[in-house]
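As written, the chain order gives the labels A, B, C, D and E, with residue 1 at the start of each chain.
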């Protein structure tokens, strides 16, 4: 082997991706256990998955002090480890744990294979962790497709339900379409940037650094522009920005509730992590193009999401559409990040608050859901606060945070975005965001209203059965999880401490 | 003890009394009555001692400072205040003592005496105030105490309505008063009475608007046309209250206030003319109304109105061209009209309080019968009441030698000198006064008792009689200014006194007026159970009744038909347009758009792919620069 | 300990709320709640008593705490100046009264109710003691949220719609004012939310006129909605009509003052040019809209609680007029007015509910003669009415008077119109008192009496009422207790020598 | 010479791609896809990417299309029972097609200007021709993606199992 | 005139467009899926062409990954379609719209 090759191989510093590797290994280990463990003892596997992940998370947090990889590139420039990357790693590990916990509850209601679920969730999480640290389109695409394919499976996981499968199909086709568009964009960028006749071209034109250099040298290249917008389209699909948001309600409704949560939180966060990398590190010289594109998307996204959610009764669709609007708010921050570094911290903070609140809400939803996972109506929540005060309180806190009500974490996220947007002078976007927030109050409030205000419900006559599904009692693990999510949402609203300090001084 | 200190104690004692009654003596009526009466005695003692020891002083304390606005509270104790505090103290004490008997069996005695104490506090505040803001503060408080006292028999709808009406009508007057004070504050940079006087006399121009706005307050409180409507209704309160508040003191506060700001009027003659005409019209109008009344208290109420009109008119008549010689050492006000008004205020306080208390005694004796046509023959059954009431009647109709004669003469003289039409009006009013008072007197005290109540009438206890005697003495002697020594010289010295031929003329007019009125009444009214005027000249009677009703009718029409309907219209508009069309409409539109957006999720994959195509096309357009 | 008093006054009710919602037995919960309400009140009284005489210009009892937002210039800085002190005291005392009333109210799900009320109390104490304008907003929202829930869950008729309308309106208001505050933060150049720093920065270098106009407009309408400026007021009567009494007491009594306080303490001093620009429109809206139109509407009310609600809207007209005068006199009048109105309207709401408990109706045409059964209640009610219509000797008088004085200089015409409000308020106030208490009972009410003879005011109602009455009388007789520090602060913030802040680039 | 081959294979590729879209019969569509892929693989050969050409045939044509055909046979036994196009579909389809053509045109117009200055590849060793180069790249630079792809295939396999396998004791298809 | 990069790009774009159009037009899920594969292939054509003309290796290697990913996608996609067909007895997209509104 030539010295360069040896060098290149030596640059694969596996230690830098220890969290991903260990997560993958844990996933494999679960499969191995399934094979070797007697059938009766399979019940411990989900617990093992959760405990293992928690252990990994703690271990990772413990090792965070060792920042030797931060601000370095490994794997020949395929990966670039940043502080934000570390944050996203924690984020995805956390969401993986939470999805696993919700999965335990949801899967218990369905007669479905279990171990595969945890396995796929973990692999997808690991892929997302890599995705948000990628520094090269090849890795980017591969990681992204791993995530996407994983989600195809997860969305249609409740295969006995035609709705789950239909959602899977819809996600499959729209997802593949968006992958196709994204790929075409990547190809164009690769081709243009590798063109030796153009200034700044590079042999490694799929590397983000090289691409950035090229784009700076060629500010108004048409093919590059098309490439950029197509890449953005692919990302827009992930984050659910208009006009690539249309799949969201259907897929969210059909998917198993934990998967919906995973899609809503982790997939969206991955999209934003990637979007920030792209706009900050790769496309900054094309901000004249990306800013109007993203601005138009943000406006449409906020308005569409909120308006469409306004009269929605199926809570899964509702939260999906509200999630669309959240993507809009986040897009504002992404735009603001072009001039205001503060906005980057705002995005991450918002995502984190969104994670806490969303999982709190999805956790409650998982408990409310009946055997038909796709049918979760607002009506099912009547009297929740009376019969299940704990779930009611968690729901209220979660929704409150999503609605951006002080003193909850979600409000802080919105506040940071508003401040950043204000500093960046994005007044129109700000106005739209305000309108969106106001409209959103209506449907969030409607949900709270269903759970708290209306104690009346239709009497169940003889010969009829109560259409409302029985609510699952809250188990210990779920209880602790939901309580901590709610508590974290409150605490983070009051006291951001080191996290706020760290995110906002970037 | 310094004079300041006495003044402060005098002022605050009734407040303390009211507070103690409200907090601790709610159920101890007798204790409350005793406390309140003792306080009244203290006030009388304090007020008289201050007045007659010749203590004259002023002093202020800063009460509220915000920015460049400072509100001071202060005492200005000059001759005018001394006179007023004496009147308030004496009449107040009399009424308290009378109340001890009159309200003896009332269940809510504590509330009643508490109210009286608050009233005394508020009234003293007006009297002692050295600036307009302070006057306003106590002005409002006086209105409030009047409100609770009128509303004493709150289970009666009429009492509740009357108290409300009194307060609101007074507020209308205060609306102007407050604006006047504020205007004054900005015009002179101060609302201190002495400083205003200095400024005005120093040549600062006065817009007629300012005194006129201030006069609004007096119109409300002293019940001048057109804000007089509350006073007759206020007779719903207990009779001693009518005596004290609605005859002797509170309603006179308007006159007192006018005298306080007299320099402003002096500098704005137009305003003075307005005041004069308002007073004259009130005097005439009320006298006409009094003729048709059958309720003993209503007659007295209209008489009070009429007399207040007299005082206001007197004030408005302004100065005499020939200034009398005299001491001007403690001069705080300068014109004859004001002095005449104050003089009449004083005498009127005595005889009208006397008559009200007398009527209270009658009512008490007749077991709360107030219709004069159901009385009769009380002269024999209630001797003391009869004698004292007679003195009161004589005083008001201007029997020479009694208090009313002097003060009324002074006013008529002034009018004769200054303005003939007003003189004629006032003289005619005097005729009417004599007429209706005689009518009252005859119907109540003579003939045979015309009802069970009247036939079982009896004199009340000592506490009812004593105040009558005291007030009767004052009504008889109160007109001799010399009796007061020289403590009120600043006021008394300005009273217009006719000399020479004028003196003769006015004397003749005065006596003629009295004889004419009383004579007609004697001819017309025999003690009977029906109104003779109504029988003999129904047209005239109806006209007079209509005159009386017209104002009430107009106000009722305004309140029920204009104000209420307008309010409901505005509410309706708000409900329909603001809450309905705009707000709900907006919500509806947003909701519809929402439904539309929701309906875009048709569930068909093809539609979704079109979205992607559309998105890609838009992005393409952006990339190509076609959208920038 | 003593240096952290202000923090304690916020933390105590919060802690009490937390302890109560952790599931105490009812008796213990009542005790804890009493502590939670009493402590802030005691601290308020302590602070009031120890407030350095004649200082007021500076912030006293000042303390800063980091919550992780230093990067944005946000610190939890607590302190009081002469403008904040009166409102702080108001919050403490009305909170105590409302709390005591609630503790004895026997409401359903009492513990939750108390917890929410305690949170509200904490927010109120925080809002008025925050020197940092972000936390000022933050605490306001903290106090606002429980209102919605309380209206929705414990409210009277139309509570669902009322709660929703209130929420949306107030969210709009809060959003606009938040934008305004952010705008000040950013445009001042200080990039700091600390009011002291902001003032100093702006003293040296003010914001240019056009921008000031925009920012003041935002704040004016934002705060205007919160304070029910006509025509943005329609939430108020509806909401108060539906709200449970303690919530109405705290909201109408204290929380609503937030907007005015913001205008007096922040908007006008920091944006003098903007304030000048908007003064006339604001004054006209206040006088014609709030005072006259709403005054007339109040006259037309038949429902006692609605009437009190409308009257509170009407009285805000005086306050807005005072703000519009842009003078120390006017601002001082507004502060006095706010305090007085807070006490009196809280008292009226309390007593209206007491009336309701005895008459079983709020309809004024179905009552009458209640005084015979409940003389003390009548006395209290009449006193409260007198206070609210501005009788001297009760606190409200000072505020109205000074506002009128200030207004004359601003515009005699408007003053004339405004003073007519004195008559209007007398009309509806006295009419209500007469309809409820005096005369003979109506047929309907006679029936109620026959079925359930009404008792006079109970101690559980009397004590809170007495607290409020005592405050009304105390300030009524001794306005200096508030005006001395207030004036000292106003001299600093509104110097009589114009202009407040030098303007660059005008 | 290679130009002719290019146009030939390009036409073949595009033509059979159109056939995929427009044939009624699903089996025919799959077969057209196969032809199209073969065309592409021929183009790859023209571009000296021999390995990729082979892979295209083996993996895509051989495995993927075979899979498609297999599934088509399994479930779509009726063949093309496509309903006639609705008018709306036709109109929107036409519009969409117009949009795509417009896009293509603009792509050709604007994009061509930017890539026109290309040198034709010189006679030096063409990239992508040697197998060794792939090996070196894949196992040095792109080792990580290769590992990820491994996991991707694993979860895809698991997914297929989960979605299709009959599990003991689990609720299943009727 | 030799065939240059442009021609390959046109072809790629045309293929991409045809694929897209197919996705738009066809009702049969399987065919739609084939069209999606066409779109991926279109990208690979451009990629290989770029790689060839730019003389960089990355594009070719990328194709390798794309092929693998496509294979995985197809496997999963077809599994879903089959599972769906087993339950709904149809793979026509217009009949697969139980999730809507």
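In this section, contacts are C-beta pairs under 8 Å (C-beta built on N, C-alpha and C of every residue); 3 or more make two chains touch, one makes a residue touch a chain.
This is a predicted model, so every value here is computed, not measured.
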Neighbours of chain C that also touch chain A are B
Which chains sit in contact with both members of the pair chain C and chain E? A, B
Contact-count maximum falls on chain pair D-E
Averaging each chain's Cα atoms, the one nearest the global Cα mean turns out to be C
Measuring between Cα centroids, which chain is at the maximum distance from chain C? D
By mean C-alpha coordinates, which chain is most distant from chain E? B
Hey, how far is the Cα centre of chain A from the one of chain B, in Å? 77
Where chain B and chain D are represented by their mean Cα positions, the distance between them in whole Å: 101
Chain B to chain C: how many Å between their CA centres? 36
How far is the middle of chain C from the middle of chain D, if each middle is the mean of its Cα atoms, in Å? 69
Can you list every residue of chain E that touches 2 or more other chains, as numbers and ranges? 5, 9, 19-20, 23-24, 27, 32-33, 49, 51, 53, 55-56, 58-59, 61, 65, 69, 72-73, 76, 80-81, 83, 87, 96-100
Residue numbers in chain A touching two or more further chains are 138, 142, 145, 149, 152-153, 156, 159-160, 169-170, 173, 177, 191, 195-196, 222, 226, 249-250
Contacts with two or more other chains occur in chain D at residues 89, 92, 96, 100, 103, 107, 110-111, 115, 118, 142, 145, 149, 152, 156, 159, 163, 173
Pairwise, which chains touch? A-B, A-C, A-D, A-E, B-C, B-D, B-E, D-E
So in the complex, which bits of chain D are touching chain B? 89, 92, 96, 99-100, 103, 106, 110
Using the touch definition from the top, list the residues of chain B that touch chain C in their complex. 22, 63-69, 71, 133, 136-138, 140-141, 144, 147-148, 151, 154-157, 159-161, 163-164, 167-168, 171-172, 174-175, 178-179, 182-183, 185-186, 563-564, 566-568, 570-571, 574, 578-579, 583
Within their complex, state which residues of chain E touch chain D. 1-11, 13-15, 17-22, 24-28, 30-31, 33-35, 37-38, 41, 44-45, 48-49, 51-53, 55-61, 63-65, 67-76, 78-83, 85-87, 91
List of chain C residues in touch with chain A within their complex: 21, 67-72, 112, 134, 137-138, 141-142, 145, 148-149, 152-153, 159-160, 163-164, 167-168, 171-172, 175-176, 178-179, 182-183, 185-186
Residue ranges of chain D in contact with chain A within the complex: 107, 110-111, 113-115, 117-119, 136, 139-145, 148-149, 151-152, 154-156, 158-159, 161-163, 167, 169-173
